[in-house]
């Protein structure tokens, strides 16, 4: 039987997709615009913002809580600006559920996106992150997204978020060491970074792991979230209005949200 | 604090991505080329093939087993043809694990992709499929992908795969009835079709559900798989070589695979 | 063998225990001081406060997020005031994890406490709450506390939080109807209210259910939390400093916390 | 907005609560009355009894089975004596379910109570117990109470129950060593003793762990059970009559129970 | 390629296997010797005994507890008598763990055996039993044996154990009605009886279900246990000495066990 | 009360049971007829066959997929030959679900049977197999059979299937080493071989482990499957026709099945 190839070319969404990346901290030197630009392409325009109020970085439940309102505010703005989707640039997904109640464009969290991508690429994944103290926060995310049976372990490089970019070469070594330990000792088949502050060393870690003979996928959460947001836009899909109905109209003291008290 | 927008434009992968869709059955009237074309766009070329040996359609474990070897053969061919990724056009993901052992380009199953997409869009999803007899096969997929805690229920329209296109209007009504029951009675917040043979009525079902006041995402598995394959290519990620190492070289009787006995 | 009874009288903590109840909303008519007083006793002093900024009531992820910072601020104040423990007066436990990072006195959430109490009293429990829209938020709590295998179902009376006190007799009937349905149709052996706004009808619902021949425990979350806070104080136990280490010192914009930027 | 503090004093249950502690073994030197007295206070009277028939101590399923009937007999007596609640003084909770079918006052097992307390205080708990041989018995308890997802590990000091009090200082060291290993190697954030025979060294272990820089809660099961029993009495709550209905009246050979053949 | 058939005849265990069935109640009219005889065959000798002390029948946790010691005593006797294996003739498996600690011949519980058999025969099973009050006891068994994910539902015929043989025809109808409901409404693919008192109507229920067009396996627990005991003997396998080590030697008051105080 | 022993002798199925063992590979030196003969006895006739097309051995998802169709063909033949049951002689259970859809005699997989046997014999089991690369395939089986909560670990001897019989003494040492590590380090109480190619060293491994003081059951999957097949035949039970209904009649290209296109 002859094989039938039917090369086809479509025209859906031929104006570029527009995605806003919201980095939910107040340290405005955190995200390198250059690096972010590498995620864009002919069909995808990216814009970027930090939040106006919240913590300098996120390494605790306290800071995650404080990051939420500012992030949601920026997501509401992004929808008003006509964006096609929003990405929350933090593995902890601060404000994700709340924002989805307020806007109908897809809101994608770096944690949720990368965990699902990791689950699709191999048997078990390990999360390699900054500090041991966030392991249980990440564990609750994994549980909440229903992926606990795919989790191999947590590993930390013992560096605070804002120190990650001080020694890039050293960071690549530390991340590779922990990833190697996750594979060799914990049975990981896939590695996910547990922090979006490691995005610009992902390629370096992949190269280093290959050099060490450890051929595992390394999932970088920000990139994963941007790609899934793009996919949702092209699929014409957004989060369920039954899970995320708009909050009832009522008085709110101390926070300002457009069209909300 | 002023908001900083940094619109950025990248250039990664600016030659179009090429994805091969493998429909793992021998009924060559099943997949409408026109409809498939709507999934392509300026940055994405799609090609398509059926399998050479296997069942006319898949509604049993027996047929799923028979579909596997032919599908894997076509996936090996796709890699040899220089494709960037392959999509298996069947919710049951026949041949997915085996194919991933043979090729290093991303192989995406319609079932796996759509179940993860559904899990990301809302609290619980229901699978609306053809026949009750496949419920347990789908349940094993959900379990295997680690998503059981997100599953609300299974529903069937009681139509065989090859009968799905006989009455499109009727099919839209039946699917909408079952989706509505899944939402109202089973607590579903998201609907996934359990068969790629329903791809061309997805838009109709979404419209009908909206008309009935049921604003749930309806995930069509073939489209979900194409979009995720595209995302994996842009991410530079493929399945783990630890989960899917190449099979050892050994004698095989009765099946021919390039570079395999 | 003769039975040995050794009546013993101790003296531990003979000055009254002091617990602050934090109601994490801004509607200052919500909590009846009289009713709260009934939870105190010779060995237990209760004080009460609302929050200064946040939502009028909590029925969404958005409002829960907004309630957190104000609740944590009041919990920090309670610790500074020399309280022995704090109770968060909302089933959603807003701010619980964050607050535990900031103070070393026990912080008890009404949701967490009542779910564990319910789990100890019978085989499976159902949560009877205000609105269907919070089912999934409560489901995530149950999952997070590790109690999903004990959950029978969710039921709602279809009344917003701030409407609960409009018709007390009607509310008792509605809650009893849903509790009865949970027992008869869903296999519940224990009922938990999913909102602390129903505290003053708990006795009425218990009486009504008994009158209907349904002898199930009805767990009222605020009372459960106060009693567990008292128990933790007498046990000399508080939350783990490994799960809840103090957040690192760093800049925070837009929120003021004593001893925190 | 001004903060409203409403100090309130109640009068519920102002006659002291009476709790009977049933130690379900026949070794009458096991429980120190002095130590038990420290659990009482102005509002709480404790009485104590051993069982008349059963094993000298409990370290096997066989002994646990033999402890049940004697324990239930003493619990029935306690209810007849007008006690407000009963505590079973053994981590294995022998007779708990059976006793709850016979009496309507709260019956609290040391195992169930301490496991739920541990689950509320931190992310994951480890059980530090006497002998490796009981690990699986404790695992079944954790599973039955629905808390498996919160369990980090089991650790044993390798001392039989009745040898625990031979060398108190040594025991504190051994328990601290195992607790430290549970935290450092197994990821425990909370420690629960797996035997009530360690109650009088709990304070010593907490002090030793703090001295070693390991700030974890150490849950002592007997104290946890007494405090929860007290909480249930003040809450007016007891176990569900649907889970624990009275056994049908029928002939029983070889055991005597009041009002039962 | 020619197919090679190698009919082979072995000689392992050619003296008949001897299995003792222990019915752990004191109602000596319960088990019909004739019916029991039908489980024997040329290679299998069966003997039978009731217990000397315990309840008339088992329908509560209390009675299950009281059945244990008498059952274990008879199992110890069976081992002393040279039996090859023992079967506990009650779905609740009273004394199973304790007995396994005392003897090294296989001890098989009717509940454990039938639940595993049911799990092997189809996707999900339902337990059809006597009374609703034992549902949660059975649920704990299913959980303990690790089979919860295979459980569809519980159903009861609302007849006490000792009334089951009053109206055999009626019982067949009632069991068939509940089995049918389990299949049609709860998604069961296999039925397990939740009581060994229904053994002599199993064939009748199978016939009735077939007549009604419901082709599901009906697993009778006593027969399942006898067959698995036989299988274990032929396999030369018995329970693990690590899970079930002999209890330490110590004083026991009020119970007599050979070679145990 | 006098003990009543009723030795009884039955006559069910007194013509020998006939079981066909299907070894789903094409290496016809794999299965030793002598060894197989030891599984037969006076009441059990065994016959044996390899498959006509498929792989030389199975160590990957690819080979497992290729083994399926040939195995199913031989199982259909076995039913046509009047066999009472069929055993699939491979731990991976290739073709199990498909075959059950085509025949109504019991089809028992070595993996499914041995995993359930292991689960019945002790608290947790470890799978000791050939190569690390199959761990995740076995993990999916354990998950699918619902037994994940009973799994301690995977261990491999690092020998390919077809090399297992090269050095029997060495293999016994390697298997014993891994089993010992599983018990000592991973908490296993029962060992299951993860490959039927180890059947003739099972006795040697048991002896070696006993000599090392490790008294754990060692479950050999082929023997377990033969014994369970025998048990199902005597029980008159086979797999559910609801889980495994016959596939609809339809065109199949490239495979020949009796009575199927």
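As written, the chains take the letters A, B, C, D, E and F, and residue 1 is the first residue of each chain.
Criterion: a residue touches a chain if its C-beta (ideal position, glycine included) is under 8 Å from a C-beta of that chain, and two chains touch if they have at least 3 such contacts.
Only a predicted model underlies this, so the values are computations on that prediction, with no experimental measurement involved.
Colleague: Quick one: which chains contact subunit C and subunit D both?
Modeller: Chains in contact with subunit C as well as subunit D: A, E.
Colleague: Counting contact pairs by residue number and requiring over half to coincide, which of C-D, D-E or E-F is equivalent to B-F?
Modeller: Of the listed pairs C-D, D-E or E-F, the one copying the B-F interface is D-E.
Colleague: In whole angstrom, how far does the Cα centroid of subunit B sit from the Cα centroid of subunit E?
Modeller: 44
Colleague: Can you work out the whole-Å distance between the CA centroids of subunit C and subunit F?
Modeller: 52
Colleague: Going by the touch rule set out above, which residues of subunit B reach two or more other chains?
Modeller: Subunit B, residues with two or more chain partners: 1, 52, 123, 136, 143, 148-149, 189, 243-244, 253.
Colleague: Connecting every touching chain pair, does the picture come out as line, ring, star, complete or other?
Modeller: Basically it's none of the tidy shapes, so other.
Colleague: In their shared complex, at which residues does subunit D touch subunit E?
Modeller: Residue positions touching the partner: 26-27, 52-57, 59-66, 68-70, 72, 95, 97-98, 100-102, 133, 136, 140, 143-144, 160, 162, 243-245, 247-248, 250-255.
Colleague: What does subunit A use to touch subunit F in their complex?
Modeller: Touch list, subunit A to subunit F: 123-124, 149, 187, 189.
Colleague: Report the residues of subunit D in contact with subunit C in the complex, numbered from low to high.
Modeller: 1, 3-14, 26, 28, 33, 36-50, 52, 74, 77, 108, 112-113, 116-117, 119-123, 145-150, 183, 189-190, 215-217, 219-220, 223-224, 227-228, 230-232, 234-235, 237-244
Colleague: Considering only the defined contacts, which subunit E positions touch subunit C in the complex?
Modeller: The touching residues are 135-136, 139, 143, 148, 253.
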